[in-house]
């Protein structure tokens, strides 16, 4: 269905639009690597990369047909789909472990998960960090976690609010830590409390595509995901090279900054002890996550969302 | 040409209603020159606006050229009491406004001919050299003269003129009233002309219509039989003019025949 | 009371400059009634605005009550050629505007007294019953009368009046000019009064100032020695008035003594 | 010769027609959703929205109240600051020239970018919201007031001058009153902006208000809830706008429109 | 008796003073940062911003160009749609009453909430940006045009009627021209909104433009870069605004202001 002629005059290439999860941060470098190194072209695609603006927007744009593939936080995808079924499906995982975390600054009032009780945490309302906090708190055994207060704020404002001391901690992805540290005028180090430590089941970002594409052209989808994952592999192998490529596409991104992010991201793409295939999606894990979300009351009524509604396990790489 | 049957006008306002004119029966012949006099506020302007079709009468019927008036007509020109010039247009283009409005429909003359005519008219009223000025650069009398030229540009069949010479000096007045008589004879125009100068009313009119104070009712219609062309300046027929003027003066100063009625309309006004 | 020395005014516009008045030397005594006549556009209104301090003269010096004029003064009232009523104020509150402006500073009368006076003035001009109407509900002449009342409310020392009776019928004119003379004698007001009616000029004035056509220069000052109070209606001194009127008529119709000069100012205008 | 029909002159028509217009619009919305089979995650039907509203009417109305107070407060604040600025501008060309670029600069800052700054400086209370509303809507008020006051007819200004009025009398008794119809035009533009301003402010650090409702539902794709919030917002806007229209009608009976 | 000094009448002062005003504002900004020792992540100094700009002037100017084109395009689009709507409103009370609530509703929707919808419907090109600008700035244009046209002096309307002018002649030769000064007021309000509209549109699915720059720098806490973007935006706004002022000056020489 997507047989428009490619931009570079190569009639045989298929035009594809791909959305990053959010903007062109260092953590998104792998797509540019795949593009730059010609992996997409080799797979028969002429890919245009567009910066996304958050999981929900990415879902809408893909479901609405404006983009063919996109990246979004898997937990957020589940919650969103629980509220509103969309014709999209997950066809692979970028991060085997969730990068969601609570981040605070050293010397502040938060140093361990136990300190979180009764604190003010800035976060975007409805984000994974906010939604999963009860699960995390229970897993970490935080006493009095119910008294933790989440203050809604849009993501760009969070580092500033933290640095200014307006909030005690913020919901943030692990890769955002350099940004948080950079925003602090006293250059304090960050205290990072990753959810992944206590909730190893949670995935991070996932690759999504339109359901009809997955159903009607599974081969194409497979080709695309493997090209993208190849870029991801290269990226964790050589963060510096990836960062340089990213800077070529977006001059605002400093190599150092991107490298720092990518190094932080590495253990989440392939956690210690992870033996499976890059990008793999485990059906049982997905079911466990769904259960947890149902228990947390984020997906109502229980059982309304099946793993098959959200993940196309045939298309995801298998271990 | 113009026929009014029992025409009346009542204005409704927040402060109550005002009876402006009442029960006017008037028949103006073609090529007749009728002047309208009456005390300030007696409804002269209102009457002209009714004839022009700018205001639907509260009651009564109005006909122009045999057709009932339902709105303004192109062959009727109206010169307002205030100059009403468009502030963004030069003198010349203010004068040419009616031609522009007629647009393609009136093909009797082409554009250039109308410009020519506009220049002629402006020269006639002594405004040569001011064609390109904007209205705010003119004196009050000059603005009134521009408005006069504008009402003449389309060679109308019927002209309704509301105190056209009120802001002009005696001399210009005399010159222009002669000119107006000439135009009227030449083009066989029907003119209804409001003025506060009794001499002017006598000098110009075939008939002078005298209105009573508010509410304006027909008090009397005076025929003027002095042969044309007439001119006050040349002092011809001075005695006749003086005589009729005296009579009109008397008519105007008489108390209203229905004073209690007027009191009514005023107390209504106070409501 | 008023002294002008070699006063001239040039207006600069996009279309070139216009010399409005030139070299006016004039001295008006206290309690004098001076009327100003001249052809339309000769600079009468401009001259009044110069005296009122609304316009700084291009050259020359102006004094009022012995002080050089730098701006408007509270003891000078100006009645404009156009009524200039505030559209959102009722007739009464338009009349009271000058009092409001004087505010606390003028303690000669209190509020209630001024309201009383306003009602008196409105009655005088025949507008009782219209106190609460808005200006757009009035006829042209009624608006002018409101403006007249407004200029009288503060009992000014000097009154500058620009064609105050132009929109009024003969009768109202006569009544109001008598009233004006009475007020002037009573309050010892100094009045400069522009009119296009030569009879009015003669009737009212101690001296009639005749301006030449644009640019306005002093052509002649005519003293009127007829004893007061005068009234055209009562036909007293008819011959004297007629005589002087005739002479003024002649003065007005004379060609400008400097026609080439005028041509200059016009061609300047065309630049 | 204007003929007035029931539709143009009666009072009930003045209320009925806008309501009719609104319902026609709703109908169109519904029709569009059905005809173009627009996915509910993009645009829910009015029906969905109403259902969502009646799921938790109390909560939503309460949030509307929060936003309403912030909007009105900020709006009054911007009138109070905007009018004096406009007076200064009309008063002096020098002030105008010095001030205008500054006002423009402030006005052209994307407000979403300053919302966090306001919270950092002023905390989580109502102040940053009111200030945001102020930032969003002072400009139309200033510019319409200034241009209305500057367009006072020369003839009337000259009248006041001839009365030796002080500058402040000229301003308040003439120019300001004359400008009122234009000021109201500015206020009508500003009130809609004010509503939006309060929403933007509520995106940061708020725990209530329709902006918060919209944002939290937005980030979980609860489109129907988001649209319920947006609908309440629109209604609030419309109510405030017609409030101004009524106020204008009663304050300025002389400023009759003519068509 | 107005005396005109060099500051109020000369041409160079007309340029010099606004520039002076801007520099004074910058000075204040700088001073505030130093005196209150505001953290640079909250508010960088003008110096930081300028340094950031000269790090990559080419890139930033290019993004400014992108935003500029979107802004101007959308702005023209809103003139083209806004004026006819205003005409309809002036033309008929019935249309006005039916249409106004609808316009108000559209206008009061928080535009950030519709940005993703526009991209879904219209793709990643310039269309959704232009439409966003349209949505943001048509309202001031419509309302100021309509109210300007409705406030045409009755005396002039009557003149045109007496000439038996058609409705469209009355509209274009009289009402529209008379409304121009007020329309320009509306345009001046709208142009600043247009700039903001393009930024909001660039927050979703854009790969260029100042909105994109601000968003990506904002979430990486590169406050100086964000402020460089904001500064460029302000400059763009000011330039466009004064462009309108110039245009007005040349198109409407008769509409002289008086103070």
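For clarity, chains are labelled A, B, C, D and E in written order, and residue numbers in each chain start from 1.
In the analysis below, a residue touches a chain if its C-beta (ideal position, glycine included) is under 8 Å from a C-beta of that chain, and two chains touch if they have at least 3 such contacts.
None of the values given here were measured: they were computed from a predicted structure.
Participant: Using mean Cα positions as chain centres, tell me which chain lies farthest from chain B.
Facilitator: Most remote chain from chain B, centroid-wise, comes out as A.
Participant: Would you indicate which pair of chains has the most C-beta pairs in contact?
Facilitator: Greatest number of C-beta pairs in contact occurs for D-E.
Participant: Provide the C-alpha centroid distance between chain C and chain E, rounded to the nearest whole angstrom.
Facilitator: 48
Participant: Find the geometric centre of each of chain D and chain E from their Cα atoms only, then give the gap between the two centres in Å, rounded to an integer.
Facilitator: A distance of 16 Å separates the two centres.
Participant: Using Cα averages as centroids, what's the distance between chain A and chain D in whole Å?
Facilitator: Whole-Å distance between the two chain centres: 39.
Participant: By residue number and range, which residues of chain E touch two or more other chains?
Facilitator: Correct list: 42, 117, 120-121, 154, 203, 218, 255.
Participant: Two or more other chains in contact with one residue: find those residues in chain C.
Facilitator: Within chain C, the residues that touch at least two other chains are 14, 54, 71-72, 82, 134, 136.
Participant: In chain A, what residues contact two or more other chains?
Facilitator: Counting only residues that touch two or more other chains, chain A contributes 56, 60, 64, 156-157, 160, 164.
Participant: State the interface residues of chain E toward chain B in the complex, per the touch definition above.
Facilitator: Those residues of chain E that touch chain B are 155-156, 158-165, 169, 173-174, 177, 252, 254-255.
Participant: List the residues on chain E that touch chain A in their complex, please.
Facilitator: Touch list, chain E to chain A: 39-42, 56, 59, 116-117, 119-121, 123-124, 203-207, 212-213, 215-223, 225.
Participant: Where on chain B does chain E make contact in their complex?
Facilitator: Per the touch definition, chain B meets chain E at residues 49, 52, 54, 71-74, 76-78, 80, 82, 84, 86-88, 97-98, 100-103, 134, 136.
Participant: Enumerate the contact residues on chain D facing chain E in the complex.
Facilitator: Touching chain E from chain D are residues 7-8, 13-14, 17-22, 24-25, 42-43, 90-91, 93-94, 97-102, 104-105, 107-113, 117, 120-121, 139-140, 143-144, 147, 150-152, 154, 157, 181-182, 185-186, 188-189, 192, 195-196, 199-200, 203, 211, 214, 218, 226, 230, 233-234, 236-238, 241, 255, 257-259.
Participant: In the complex formed with chain C, which residues of chain B make contact?
Facilitator: Answer in residue numbers: 11, 13-15, 18, 37-41, 43-46, 81-82, 126, 128-130, 132-134, 137-142, 144-145, 163, 166-173, 196-198, 249, 252-253, 266-267, 269-270.
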